[in-house]
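Take a look at the structures listed below.
In what comes next, chain A is part of two complexes: it sits with chain B in the first one and with chain C in the second one.
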Partner chain A sequence: MELQVNHVITWMEKSNEKIQTNKDFLSALDRAIGDGDHGINMARGFNEVVTKIKETDYSTVSDVLKDVSMTLLSKVGGASGPLYGTAFLKMSTSLKGREKIDYSLFVNAVSEALNGIKMRGKASTGEKTLVDVWEPIVEQLQKDSDFEAVTIETTAKNSMEATKAIEAKKGRAAYLGERSVGHLDPGSVSSYYIFSALSEVIKEGV
Partner chain B sequence: MSHVGIVLISHSSKVVEGIKDIINQMVPNVVVEPAGGTEDHGIGTSVEKILQAIENAYSEKGVLLFYDIGSAMMNAELAIELSEHENIEIANAPILEGAFVASVESGMGKTLEEVKQAAEKAVK
Partner chain C sequence: MKKIINDPNFVVKDMLEGFVAAYPNDVKLLPNTTVVVREDAPVSNKVGLVSGGGSGHEPAHAGYVGKGMLDAAVAGEVFTSPTPDQVLEAIKAVDSGEGVLLIIKNYTGDVMNFEMAAELAEAEGINVQQVVVNDDVAVEDSSFTTGRRGIAGTVFVHKIVGAKATQGASMEEVKAVAEKVVANVRSIGMALTPCIVPAAGKPSFELKDNEMEVGIGIHGEPGIKRTEVTTAHDIATELMEKVLDDMNLKSGDEVAVMINGLGATPEMELYIVNKEVNNILTEKGIKIYDTFVGEYMTSLEMAGCSVTLLKVDEELKSLLDAESKAPAFRR
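Let's look at the complex of A and B:
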């Protein structure tokens, strides 16, 4: 199985649908431990992403991901802009010049994305940020030997829910210290939507 | 004589406009470029605005960036990675006091390193 341009486009469309549907929920989560704009930021960014990639012809997965990245960098506004923008940029760079994206190249790309997020946010696991979803996902992808819809969905969901118990050490929520415990991390929830969308793409057949 | 340019990055355009006014009153010969708020005038930061501000503030002596909170620093680092210029640095200093001290030093013709060090000592 391999990942193609149309798969990535569907992946972004499905991510966008989930983000638009849950826009208010994401902002409400951010209102509890941040400034309340995460839903607005992500909805604006992904809406622009879908508009951009639909009107463009692509010959490689790397090129699509590059446009996803550039659009998120310039349109999102909050911390999630440079973070997701860097993630997709690293994916794009790691797949540059590749015609066929097999499973191992894909895993490598997501792993590079995780490294990019950690570098940009100076964050590591257990700090109540989207790293707490991306890191377990990369570990799970490395365990699997092919695209698995179910493990991606389950891992993303469980790790997103686990952020509730964590005390924030990075991002705006860190200013709240202990008061951040008991709330889901908004960035981890949006990351869950992105991986849930990926899981659906795989289910439909990569 | 060229001077180290100063770029102010904040979530709010009002914050950086105000800081620029305070600095320019005392140091009129240094370019202080604001990069505040998002493209659509909201609260946030924009890597494109920062890149443009770096272009406007650029001199051969380099540019020093100041930021306010969280994502402003991420976008500042990103702008440095995306910029074609080499001599750009980020000061880890309070944006108002740091940029003020930096501008005074820059106005005296100091180097990027000297200006940055002075800014980082601005408030302990």
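Let's look at the complex of A and C:
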């Protein structure tokens, strides 16, 4: 199975749908332990992403991902903009010039994205950030040998839900210390939507 | 939500257009950006100074753009860091070849976005350095967290660093004085009421009628504790205790004082706080070199205040006194 330009575009469209549907939920999560704008910012950014990639003709997967990155960087703001922007930029760079990508290239790209997020956010596992979803996803992808819709969905969902029990060490939630326990990490929830959308794309047939 | 706005999605754009219309001789808006620059940017033979951050803290930061202070201020969405592409535009617009110093308040988003912009600018051959302001003593520093936040003390950084750069100092000298101010400035805030981000439409937190929060951040981030509202005397005493504990001031030391309103605090109350702060400093034998009372770093319509002390020496005093044409800090 191979991931092509149209799959990546569908992935972003589905991500956008989930983020738009859950915009208020994401902001409510952020109000509890951050500054309450995660839903607004992500909804604005992904809406722009979809507008941009729909009106552009692409021949390579890397060009789509590069536009996704640049749009998120310039439209999201906050911490999420550079984090997601860096993630998609790293994916684009690792896939440079590819018209379609097989599973091992894909795993490598997501792994590069994770490294980018950790570098940009100076974060590691267990600090109640989106790393807590991206790291388990990369580990799961490395275990699997081909695109598996079910394991991606399950891993993303479980690891997103597991952030509830973590005490925040990074970002604005860290100011709350122990009071951040019991709340989902908004960035992990938006990351879950992105991987859940990917899972749906795979289910529909890559 | 009751606000004098048009569309909540355009508050930043509308505000910036109104701002530059008010000071056409001093500042201009870079086309298709949220960057306010000095009318005469780039200024030759001078290190460029760029700051910025989320909107909602007016007059910060655009109000501090002008001769003697910043060369550019980048406005993000309300309470949201500006994006790297916007910061990059600001850097390019003010670089005269002497390099550009970024003055960043210590928030995860601000640091990341400004750092990305610095990387992009360096790729274009511009020397970019940065200084991170973390004056808020409410949040304890720790290697495991983001560290202390940057709040009203940032305005002293803008003023003093601006004066240094105006003298034609090198990047190294300008950065050194920036770090000196950061090392000597401490603040803490408190709030009586929350504020409403226009696009959100509701308060980001709640305080009961009889409650206040001590140590609150300028985006309503949680502080140290919530208690019943007390007197100005008690509030000032508590805020000053936290600041002084962190500063090691001795009798005979000199400070500049800033009593900053968060957006909905009557000046009457700010002056009452200043009276208390003045008494506390005088009792300890600490000399007050200069005092600034007003709105410098607000939090939309939040009611409350912050207290900032800057320990000054001869160098900082003369730079604090130097001329400034910035609309929100004329000297």
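We adopt the following convention: the second predicted complex is superposed on the first by the 205 of 206 C-alpha atoms of A that agree within 3 Å, B and C clash if a C-alpha of one lies under 4 Å from a C-alpha of the other, contacts with A are read in each partner's own complex, and residues count from 1 in each chain.
In this section, contacts are C-beta pairs under 8 Å (C-beta built on N, C-alpha and C of every residue); 3 or more make two chains touch, one makes a residue touch a chain.
Every value quoted in this text rests on a predicted model; they were computed, and no experiment measured them.
**Q** Could you check whether chain B and chain C clash or fit when both are placed on chain A?
**A** On the superposed model, which is not a single observed complex, chain B and chain C clash.
**Q** Which holds for A:P82: it touches chain B only (first), chain C only (second), both, or neither?
**A** both
**Q** State whether A:R179 touches chain B only (first), chain C only (second), both chains, or neither.
**A** Only chain C; A:R179 stays clear of chain B.
**Q** Identify the partner contact of A:K169: answer first if only chain B is touched, second if only chain C is, both if each is, neither if none is.
**A** The second partner, chain C, only.
**Q** Identify the partner contact of A:L73: answer first if only chain B is touched, second if only chain C is, both if each is, neither if none is.
**A** both
**Q** Per the contact definition in the header, classify A:D146: touching chain B only (first), chain C only (second), both, or neither.
**A** neither
**Q** Which partner reaches more residues of chain A, chain B or chain C?
**A** Per-residue touch count on chain A favours C.
**Q** Please indicate which partner A:G121 is in contact with in the superposed arrangement: first for chain B, second for chain C, both, or neither.
**A** both
**Q** Touch test for A:E161: chain B only (first), chain C only (second), both, or neither?
**A** Touch partners of A:E161: none, neither chain B nor chain C.
**Q** What is the shared patch of chain A, the residues that chain B and chain C both contact?
**A** Correct list for chain A: 35, 37, 41, 73-75, 77-79, 81-83, 85-86, 120-121, 171-172.
**Q** Which of the residues in chain A come into contact with chain C in the complex?
**A** Residues 27, 31, 35-37, 40-41, 70, 73-83, 85-86, 120-121, 169-172, 174-176, 179.
**Q** Can you tell me which positions in chain B touch chain A when the two form their complex?
**A** Within the complex, chain B contacts chain A at residues 38-39, 42-48, 69-71, 74-75, 77-78.
**Q** Over in the complex, which chain C residues touch chain A? Could you list them?
**A** The touching residues are 54, 76-86, 107-109, 112-113, 115-116, 139, 144-146, 149, 197, 199-200, 204-205, 217, 219-222.
**Q** Considering only the defined contacts, which chain A positions touch chain B in the complex?
**A** Those residues of chain A that touch chain B are 35, 37, 41, 73-75, 77-79, 81-83, 85-86, 120-121, 171-172.
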